[in-house]
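Before I ask anything, here is the structure I am working with.
For reference, chains read A, B, C, D and E in written order, and residue numbers begin at 1 within each chain.
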Amino acid sequence: MGFISQHPVLVAAVVKIAVLLFIVMTALAYLTWLERKVIAHIQSRWGPYNVGAHGLLQPLADGLKFLFKEDVTPPTADRFIYTLAPFLALSLGLTTIALIPFGPPSVLFPNGQQIFSVVDLNIGLLFLFAITSMGVYGVALAGWSSNSKYALLGGLRSSAQMISYEVSLTISVVGVVLLAGTLNFNELIGGIPHGSTGQTGYWLHFIPKWNVIPQFVGFLCYLTAAIAETNRVPFDLPEAETELVAGFHTEYSAFKFAMFFMAEYANMITVSCLATILFLGGWLSPFPASWTWQNYLPGAGLLLLAVYCAWNTVSEMRGIARLQLGVVTLLAGGGGLICLYPPIAAGIQGPFWFTAKILAILFFYIWMRATLPRFRYDQLMSFGWKLLLPVSLANLVITAFVIVWPLLRKG
Amino acid sequence: MTTKTTLIETPAGPAKAMVLNMGPQHPSTHGVLRVVLELDGEIVLSARPEIGYLHTGIEKSCESKTYSQCITLTDRIDYLAPLSNNLGFCLAAEKLIGIEVPKRAQYIRVLLTELTRITSHLVWLGTHAIDLGAMTVFLYSFREREEIMKIYEYVSGQRMMTSYFRIGGLALEPPPDWLDRVRRVMDALPGHIDEYEDLLTQNRIWMARTKGVGCLSAEDAIAIGASGPLLRGSGVAYDVRKAFPYSSYDEFDFNVQTQTAGDCFARYQVRVAEIRESIKIVRQAMEKVTPDGPFRAEAPGIIPPSREEMKTSIEGLIYHFKIFTEGFAPPPGEVYQAIESPRGELGVFMASDGSAKPYRVKFRAPSFVNLQSLPKLCEGRLIADVVACIGTTDIVLGEVDR
Amino acid sequence: MNVAIIMFFACALLAVAGAVLLILAREPIHSALALVLVMMALAVLYLLLGAPFIAAVQIIVYAGAIMVLFVFVIMLLNAGVEERTDFSKIAKFGGVPLGFLLLLEIAHWLYHSPVGTAIANGAGSSNEAADTAQLSEMLFRQYLFPFEATSILILIAILGALVLARKEQ
Amino acid sequence: MESQEIGKNAAVQKLRDWDNEAVAEVIEFRGETTVVVPQQHLVRAAKFLASEPSLRFTFLSDLTTVDRFPMEPRFEVNYHLLSIERVLRLRLRVRVTGPEPSVPTVTSVWPTANWHERESFDLFGIRFHGHPDLRRILMPDDWEGYPLRKDYPVEGFR
Amino acid sequence: MMSAVPISYYLVLSAILFGLGVVAFVFKRNIITIFMSIELMLNAVNLAFVAFARAHGQLDGLVFVFFVIVVAAAEAAVGLAIVIMLAQNRQSLNVERINLLKL
């Protein structure tokens, strides 16, 4: 006990990291499930269905498969870098999540540490960019070290692409930073009123003052650049499977491949979190605080899910799947009941809205993937440099002007 | 680290070329095509198709089989349009023998080959779209293709290798309610085609990827010998169905679809328009096909007698036995019969020496000839365009290599 | 010994190890990675020195952009194993020891310099956000002219790179 | 159909008028016209047929070979010409003697002949002299023999 | 978590890194690696700047670090463009082969 009371920061951080890592890894796995399901339903088919009820155990099966596959290293590869690259990609992808606040900073551990973010840095945004800017190494080194032409081309493409889009990504965010006057995530969200430009409050009493409204152009730029930054359709050129087989990870197999895969989804989650924080009000509820019934939304949602699962269990599932979905039903129902308990319902608001917003953005991602063709490399580059960058620069300049204009008028 | 790229020693100036073997195992070479690309960065300096990985020697095999036995081989040439190949071979054999197929069988043949054109174009649309990254169209178009495959199965008992057209007519009398199925599919199809066009035609990325890519002028197309949508996309209105009507295509009302741009987008438009034209032809054919009537020509000794005749009359039994054991012997001579397969002019050159086996069969495969245009289409462009160009030439490697 | 000292020595060791690796590695890409390691270690040291903004900039610009450019060029040119060539004996037996002597002298002088006794205010003690704000104030007021000059320098550099890398038509 | 017959004969007539020696023999079978051209006149005749304004056989549909083993001349190379504008077809035929048959290439007239001639070279061993890139196309480069020749067994040599 | 690291430690580290940078600059033969050793020296100088800034309690040092980074970026952009030119013209990255101004 002595150690725990002496080092509250360290202990809280370790606990939070462990829990967060577990949640994020599970979320990664089920994000693949979600993606496959959503795309399948868009394409009028079922998607994973056989491993577990509704394919719910598919991520587990995939993980096991990746673990037990033969791990092939090409004989001509640079072994050290070849092994380093996937670790780099995944660890950087996961590190960024430590900076994200999933709920209001006012919710505290008994020892006075925030529950919902691992670290609360004053320049969190800058650090997030610092970490994501390193992400290109994983991809570039993987492409180079495989000693394969397809991988090399993929690696070159991706390093060029990520550098170019990082510029637009950063600049599209600066507008929000100018409005909020801070680099701290919690302050960017608006949980703590900051000076005259604090964003809490509502227009017309119900439209939340989120940055997406004054910074709509910035939001669009950010979303586009973020998709390019995470190598997703229509900007998935580094791994364009019909051109470069699998791009930079052509030669990777087994768990190293899985690590790239997880890194990609971790990056998706990170940029979605960032979009949520910067533009969509983070963990804030979209409804005015006076509407207290919203506290029961998470519980009600889970109960609804439980009802659907129960119906589905009885009407559709047979055999072992019935048992599996029954467990899901019980979990959802129990969780729903717990979430209806007022103190918990109040405490869970932040993460609930945060997750809901992230899921909306992720759904948008997946939807894009199912709809759009892929850009060509030169088109991608000219899109980034000739359209996205000027637009986000213009957005920045206009925002700056709007902020400075009153000061200039005063003299 | 061994060298991945070679710095070519050129006295004139720095030239850094990387030789990339695209294929024979590659997701977008539609089988086992190998394209040797010389790259400067992402720019293709030269593209050289290397073929022969699927060479099955069908032409040689035909020489040791009777005419009717060869039909099963023709399914395997262009495995995306087996009925077109059946038709080409049967028409050539019929021309060689000199028999006329009853009108009803001709209409059914037209109907089914147009369905084949639709399925083939649907596969093309799907694979071309997935080549350019639009994966949903692929699954949609395969859904529609599946419906048509079910019709094949219903009519002939087989989904792909149907061998349904036989010399002198058809293999079987189609089931009585098959036209209702066709009608159902044809009623739904135009809506689905609109759906694909919604997804692609006005899509800016799609346009950017296909417009102005892989341009082929009309003169080049003719010089290369391109046919089918590749030729029509370059503005040459040559369609064997119109120019040299066969199987009573002259009785059908349809238009030859052309575009003048000659790029990938033009070929895309031509093919989509052709699907719509094919639906039109199928609808007309459905009107023309009578519920009963002969489905085979009457030619004792060449066309097998009906099942009933075989079982009840001694001549029928003898003919049946002779046809299926030693075949029949057309007069010596050579014929060349061209049909419009989904990929272009499918020509069957057949030489007979008066024996029961074809002396020489040559399939003028449209994919084989169209593939020659690949270097012209993609040299000086980017790798991604190579994929688009391979896509819009719509090759089937089974047909290229035969 | 407290955490800061441990952190300092860990990072210092990493930085020196990276620098040595940079020299010893025969493949340019390994050298580049070693340099990235140095930069990351330095970024942590900046944090320890209470300059988080500089630490972030160090990672974003140095490690995330400049070094990526290096890696990119190495990949592009496919720079192979470095050739070793002999250098003069005077350099080997005279230059190297003299260099180390110089280094030692500088280190010695630094260690005993008046600033050396000052204790760095560590991370956490200073207000990072205020520091960042102050830094921007200085940049855009006191050092406005140099700032503008550097932006012009960057512009010229971009133009120069474009002109140099352009293919001769 | 009737007009087409006349058209074809007109094509033969045009060829005869241009150079009678270019037409060695005319074969009519099932409504298709075959003109046997002596080897030395092949390229000239091809150029004439492709450029003559009233014919315009600009499109070479197909080029193929028939092996009439043990007869001599052993090989027949058939050129299926097509005139898109005039809607005409015509077959040219060149007879070649083995065992090292050689025919002038027509790639200068119809570039499409490139791969067709390679195929004939690959499978029949006919050398098209003047061809820009006469390599095997379907068979592996180190393949021995010419599979479509009649003296090549269907099962291959074992 | 008060930092009790004397500034002199940082300065010594800076000196060592700078020295290693010089050594790398002299010993390496690959032009790209030589570039990298310059970056290493600049980094060492940056560390010294930050340490001095902390020692004097003034932020001017940090501003200088900022400028150094900008200059390094400009240098890398132009320098690497030159390296690409050289590599394409000389087919080599060895500085000892690049000893003529004109081919």
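The definition used in the following text is that a residue touches a chain if its C-beta (ideal position, glycine included) is under 8 Å from a C-beta of that chain, and two chains touch if they have at least 3 such contacts.
Please read these numbers as outputs of a predicted model, since none were measured by experiment.
Undergrad: So which chain ends up closest to the centre of the protein, judged by Cα positions averaged per chain?
TA: Chain closest to the assembly's C-alpha mean: A.
Undergrad: Where centres are the averaged C-alpha coordinates, which chain has the largest centre distance to chain C?
TA: Most distant chain from chain C: D.
Undergrad: Based on the averaged CA atom positions, which chain is farthest from chain A?
TA: D
Undergrad: How many angstrom lie between the CA centroids of chain C and chain E, rounded to a whole number?
TA: Distance between chain centres: 6 Å.
Undergrad: Between chain A and chain D, what's the gap in Å when you average each chain's C-alpha atoms?
TA: Those two chain centres are 65 Å apart.
Undergrad: Between chain C and chain D, what is the gap in Å from one C-alpha centre to the other?
TA: Centres of chain C and chain D (C-alpha means) sit 73 Å apart.
Undergrad: Indicate the residues of chain B shared as contacts by at least two other chains.
TA: Chain B, residues with two or more chain partners: 1, 4.
Undergrad: Could you say which residues in chain C touch two or more other chains, in rising order?
TA: Within chain C, the residues that touch at least two other chains are 27, 53, 57, 65, 69, 74, 76.
Undergrad: List, in ascending order, every residue of chain A touching at least 2 other chains.
TA: 78, 152
Undergrad: Using the touch definition from the top, list the residues of chain B that touch chain A in their complex.
TA: It comes out as residues 1-2, 4, 18, 20, 26-28, 42, 129-136, 139-140, 143, 199-200, 203, 205-206, 208-209, 382-387.
Undergrad: What does chain A use to touch chain C in their complex?
TA: Residue positions touching the partner: 78, 80-81, 84, 121-123, 126-127, 129-131, 133-134, 136-137, 140-141, 143-144, 152, 155-156, 159-160, 163, 166, 182-184.
Undergrad: Quick check: in the complex, which residue numbers of chain C touch chain E?
TA: Touch residues, chain C against chain E: 2-5, 8, 12, 15-16, 19-20, 22-23, 28, 31-32, 35, 38-39, 42, 45-46, 48-51, 53-54, 57-58, 61-62, 65-67, 69-70, 73-74, 76-77, 79, 82-85, 87, 91, 95-96, 99-100, 102-103, 106-107, 110-113, 115-125, 131, 134-135, 138-139, 142-143, 146-147, 150, 153-154, 156-158, 160-162, 164-165.
Undergrad: So in the complex, the part of chain E that touches chain C is made up of which residues?
TA: 1-13, 15-17, 19-24, 26-30, 32-33, 35-37, 39-40, 43, 46-47, 50-57, 59-60, 62-63, 65-67, 69-78, 80-85, 87, 93-94, 96
Undergrad: Okay, in this complex, where on chain C does chain A touch?
TA: So the residues of chain C touching chain A come out as 27, 29-30, 33, 36, 43, 52-53, 55-57, 59-60, 63-65, 68-69, 71-72, 74-76, 127-129, 132.
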